[in-house]
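Each of the two complexes below includes chain A, the first together with chain B, the second together with chain C.
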Partner chain A sequence: MALLRRSEMVIAGILLLAMVLIGTINPAFWQLDNLFSLMRSNVIIGIMAMGVLLVLISGGIDVSFPAFAVAAMYLTVKGMLLIGYNGVVLPLLAATAIGLLCGAVNGFFVYKFRMIPLIVTLGTSAMVRGFLLGVVGTSMININKMPTALIDFARTDVVSVTKADGSTYGLTAMVLIYVGLALAMHLMLRYTMIGRSAYALGGDPEAARRAGFDLRKTIFFIYCVAGALAGFAGLLHSGMIWLANPRDFVGFELDVIAAVVLGGASIFGGRGTVLGTMLGVFMLVMVKNSLIIMKVDTTWQLVAVGLIVIIATALSAWRDRRQPA
Partner chain B sequence: MKAQTTAPTLTVRSLINRDNNIVQLLVMTVLIFAVMTALSPDKFLRYYNFESITYIFPELGLLSIAMMIAMLTGGIDLSVVGVANLSGILAGVLFHKMAGAAGIADTGILVVLLGAVVALGTGLVAGTVNGLLITRLGITPILATLGTGQVFTGLAIVLTGGPAIVGFPTAWAFLGNGKIAGLATPFVLFAAIAALIAFILTRTAFGINLMLIGTNPKAALFAGLKRERMVLHSYMLTGVLASVAGIILSGRTNAAKSDYGNSYLLQAVLIAVLGGTNPAGGKGSVLGITIAVVALMLLSSGFQILRFSNHLIDFIWGGFLLLVIVINAYKNRTR
Partner chain C sequence: MSDGLIELRGIRKEFSGVVALDAMSLVIHPGEIHCLAGENGSGKSTVIKIMSGVYAPDGGEVLIDGKPAGPLTPISAIGHGIQVIYQDFSLFGNLTVAENLAMNVHLREKRRLMNWRRTRAIAREAVGRLGVDLDLDATVDSLPTAGKQLVAIARALMSDARLIIMDEPTTALTRKEVETLFRIVRDIQARGIAILFVSHKMREMLEISERMTVIRNGRKVAEGPTADFDEASITRHMTGSDILNEPYVWTPPPGAPPPPRLEVRGLTVPGKCEELDLSIRPGEIVGLSGLLGSGRTDLALALFGMAPRYQGEIRIDGAPVRLRSTQDAIAAGIAYVPEDRLTEGLFLTQSINRNMLATSYERLAPRLVIDRERAETMTQGMIRAMQIATPTGEKPVIQLSGGNQQRVVLARWLLTDARVLILNGPTVGVDVGSKAEIHAKIRELAQAHGLAVLMISDDVLELVQNCNRIVLMHRGRFVDDLSCADATEEMVSDRLKTFT
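Take a look at the complex of A and B:
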């Protein structure tokens, strides 16, 4: 346990160092509205990262959650428009359920056919995206058609500050949802049997089976939760950006996986914490945002994220080889 | 002692198994052919349709063979499409820099050769980077190649700024569009490369070692195989194959772009698995891949004739992949 805490300390230290560095290059970084917008950018990627963390802990990988998120979002918003419903709780539940169902398909294939999760999730991802764009539709739902309740909900601020020139900015309340979900995930991973079984599965599937864990239940649970979180985050995202775009979240899987690995989760399974993941998410979002603040051409973003993945996984591999868990 | 007695029977059995797989693939191909012919005989059966398939399938076929080689050692290469695009773009940038007053189309053969060296070199370097990350640093192949794939695509965007590089020398375009003895150049290239890879995998020490490493890494280690070097070489080969696909793609379309062939990644994985490759390692053949890619190309051209949208075809690919997983699972169970 002390070891895990230490690797989180390292991440936090690097994060602070990076913040000081970026702040020195461009002092605008420390302005409250920049920090608020940074935290806002954490929400969606962070919620999805919780699901990916769970999958990585269990020794699997998931590249289908962005597709599930976009499907849950687009189907829900389309459905709301169709029946003229304007609300928040039910649509969020519906989006979560859609994500959960898609996740259950992943779980089914991974468990039943013992197939490598990457290949399964590549397949489900293509199916869901293809279905959405080929059958449901390709047109965006813009602000003029978006359900107002969703937008108003996502607009809620916890703190709001008025600038000297009269404009206001605030910290979105969605951060609370993110923190709440993260806390729930933390408690689940640490104190419940199902949470411990995810670690056991990632550490050694055969040992976990002999120790009496029900691997079917565990695998289904893991992929369902990952899908459900993605679905929830998808709809929340559309409320926050006032737009439902069926082509959204393309390439998002890499950002999220990068963030989780950056947060100290082992690429071999069996290790990873919620706190580390939150730090990893913050670091990734900050680096991406700061590239813009530091006037680095945005074309370099992909290279930056790719390098982060490589460096973070290399460190993770190096750490886990030196100190086998 | 035991190993000695089981070894020959094992090869005989795997030969039969492989042939079984090939027979099944052939049956599937014929079935697809028959169904598509029945659905739209006048359009599907035209010579032009088959000729265009021989131009289009080689790039996907090469990417699938590359994927299969990575899978032989239980790995995967998610950076193949990135490598292919980066190779085409680097060659394109070179041509645009070296183009004389006569314009790009008339670039001399020496420059074209230099471009090919650059493109193949890109693949070799990219594959080496992948291989070193996987063998030296011990990163899992999925995450290593996911990361490098992003870096390669990112570099492609940085080089082009986003839009496509249009305009390649005529000699380059010949590689993607031309004809050799009445056959499409890409097809001839593919046949030659596929034969070479098949030879390497089944007749050389390197290929056989790769299979052994994939079948049983521990046994291969005790047998004294240089695992790290073999895996490194296999990813180098994968990178070079991807860059050949990039050359053909840029020659055929006369353009190179950072996001060409995005859907090729899924299709390459699908074809590799469909072609009898075991993603856990140790099993795979060039012949299986070739039949699988032809079958899928027939299917896709049939769907296009039936006016299915590309999104719907993506949906079908995904479904096909899951179906193949199910079928393989049942096949392995009965054995």
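Take a look at the complex of A and C:
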């Protein structure tokens, strides 16, 4: 634990250093509206990262969550339009449930057939995306059709500031949802037996079985939660960008996994914390944001994210290997 | 006689038609230290798994406190107070000592929440009960093997255990750690807890146990107070034949002495070992011992090209070699059988054949394509010569017993025509029968092929019986060079005890 805590300190240190560096290159970085917009960008990727963290801790990996997020979001919005429902809570619950069901499919294959999670989630991801585009539809739902309740909800600000030129900006209340979910995940991981069982499973599956953990429950729980969080984040995302795009979140898995690994979670399972993950998410978003501010081409942003995944994974592998046997 | 704590009566167990246990009986009385002795593959682990409820027997019955126990499950076995300490300890390396200790209590109580204060309290009590000092906040991965074992024992003790089954508990321990373990085992017994010590190490069994059951081929072949047994009788029961222990004699050939097979001059690996001089002539088996951390493994690794920054000179048959990589070492004719054959030496999920050929492919494929026929002849011949118990060379190595795995590693090096053979703990985790065979094989190799053998071991008896010289290391230096003609086991052990 001491080591983990130390690695969080390291991440925080690096983050601070990067912030100072970026702030020196571009003083606009420290302006409140930029910071607010940064935090806003943390929300969706952060909520999904919580699910991925859980999966990584258990020794698995999930690349299907962006597909689940899109499916949950698009199906829910389509459904709302179909029955003419305009609300927030029920749709969010529905999207969460869709994500959860998809996650249960992952859990089923991972548990029942002892399949490698990467293959399972690659498969379910392709299936869900294909199904969505083939059966449900390919057209985007724009601002003019989007349910207004969703948009209004996602526009809620915690604080808002009026600039000298009269324009206003604020910190989105969605940050509170993210922080709340992160806190819940932290409490779950640290103070419930199901959370500890995820660490146990990631540490040594055989020992976990012998100790009497119900691994079926654990595995289903893990993949269901990851799916549910993705579904929830998916719909929230559409409210925040005023758009339901069935081709959204392509390549998003890389960003999220990069953020989680950057936050100190081990790709081999057994290690990882919520705080670290939040720092990792912030770091990734900040780097991408700075690249945009510095007008770096999006293709080069991809290179940067790929590099981050590899470096962060290499570091964590190196750290795990240095542990005396 | 009073009722046994647990009794197996006429237990039969088959695995897809292969009989693992047949009419197996075993009685363990409350509070006794009982030894279950048997070679690898004799059915010891099946016995453990039946007692701990992992396997259901196909016939016979299990009695607990004199009453039929009905079908046991892992949970109900624990409920009866039966705890198993597996060879791999079944601990969570990523979690702290405290959490590892308390986990079973939480699970047994079907807790949903994790109470950290209670976890620490449980752990503190468990460690206190064992009378040892462990850092509760350290992750288990950061502990040495002996520490992990203590955690496993402390955990087993927590659940009101009445019987603790220890599966090969001394395998990865040094002599000193074994002594500590035995002290703890006696402590546990003093509290009225029975211990089933599953082993194949003669002296340890004789030292620690009160009663003993010997099994061979899934049947009980002997049972009685340990005082009625001695090494020879246990060996006879375990193997069904007598194993002779003749000391290894090496006499220099007449005439001018050939250059040493292996000659080391002033070998220094910074921080590990210093100024080592050693020469081994063809046919010599030289033993090397010392405490863990004495530099003995570092010497072996340097000789196998795994310490490229060593200083000093290494000669093979008089020709100087520079060993910068394992490839260099293999090319120079040096073979190394590592201490932990499981993680260092074998591709566990690969077949026996592939493992044997792993270092021979270059020779087998002079023109890009592997000469399959020749490979097949080589592996078939080796499986026969090494007496590896397998129907086919295609079987994955992971399915073999420890002794057979060791033979696969040896076979691999024999196929490369090695001239210098370095064996690090060659019979760790191997049963007596296989051990004797491996020893015989090593002697035969040394004599028939003129191999120079360096045998590193904690097992002093093994060295005294199989080497013609023993070198002792301490703090990175050679401190003794004894001829086995006049060294006894006691002498060497006593000498080792002075190194602290």
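The working rule: the second predicted complex is superposed on the first by the 323 of 325 C-alpha atoms of A that agree within 3 Å, B and C clash if a C-alpha of one lies under 4 Å from a C-alpha of the other, contacts with A are read in each partner's own complex, and residues count from 1 in each chain.
Just so it is clear, contacts are C-beta pairs under 8 Å (C-beta built on N, C-alpha and C of every residue); 3 or more make two chains touch, one makes a residue touch a chain.
Since we're looking at a predicted model, the values are computed, not measured.
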When the two structures are laid over each other on chain A, do chain B and chain C clash or fit? clash
Is A:33 in contact with chain B, with chain C, with both, or with neither (first, second, both, neither)? neither
Contacts of A:195 with chain B and chain C, given as first, second, both or neither: second
Who does A:313 touch here: chain B (first), chain C (second), both, or neither? first
After superposition on the shared chain, which partner residues are touched by A:261: those of chain B (first), chain C (second), both, or neither? first
Superposed model, chain A: greater residue contact from chain B or chain C: B
Please work out whether A:157 is in contact with chain B alone, chain C alone, both, or neither, and reply first, second, both or neither. neither
Under the contact definition given at the top, report the residues of chain A touching chain B in one complex and chain C in the other. none
In the complex formed with chain A, which residues of chain B make contact? 76, 133, 137-140, 142-144, 146-155, 157-158, 161-162, 263, 265-266, 269-270, 273, 279-280, 308-319, 321-322, 325-326, 328-329
Of all residues in chain A, which touch chain C in the complex? 1-3, 190-196, 199-200, 202-204, 206-208, 210-213, 269-271, 323-325
Within their complex, chain C touches chain A through residues 74-75, 78, 86, 88, 90-96, 99, 103-104, 106-108, 111-116, 137, 139, 141-142, 144
In the complex, go through chain A and note every residue touching chain B. 61, 109, 112-116, 118-120, 122-135, 138, 254, 257-258, 261, 267-268, 297, 299-310, 313-314, 317-318, 321
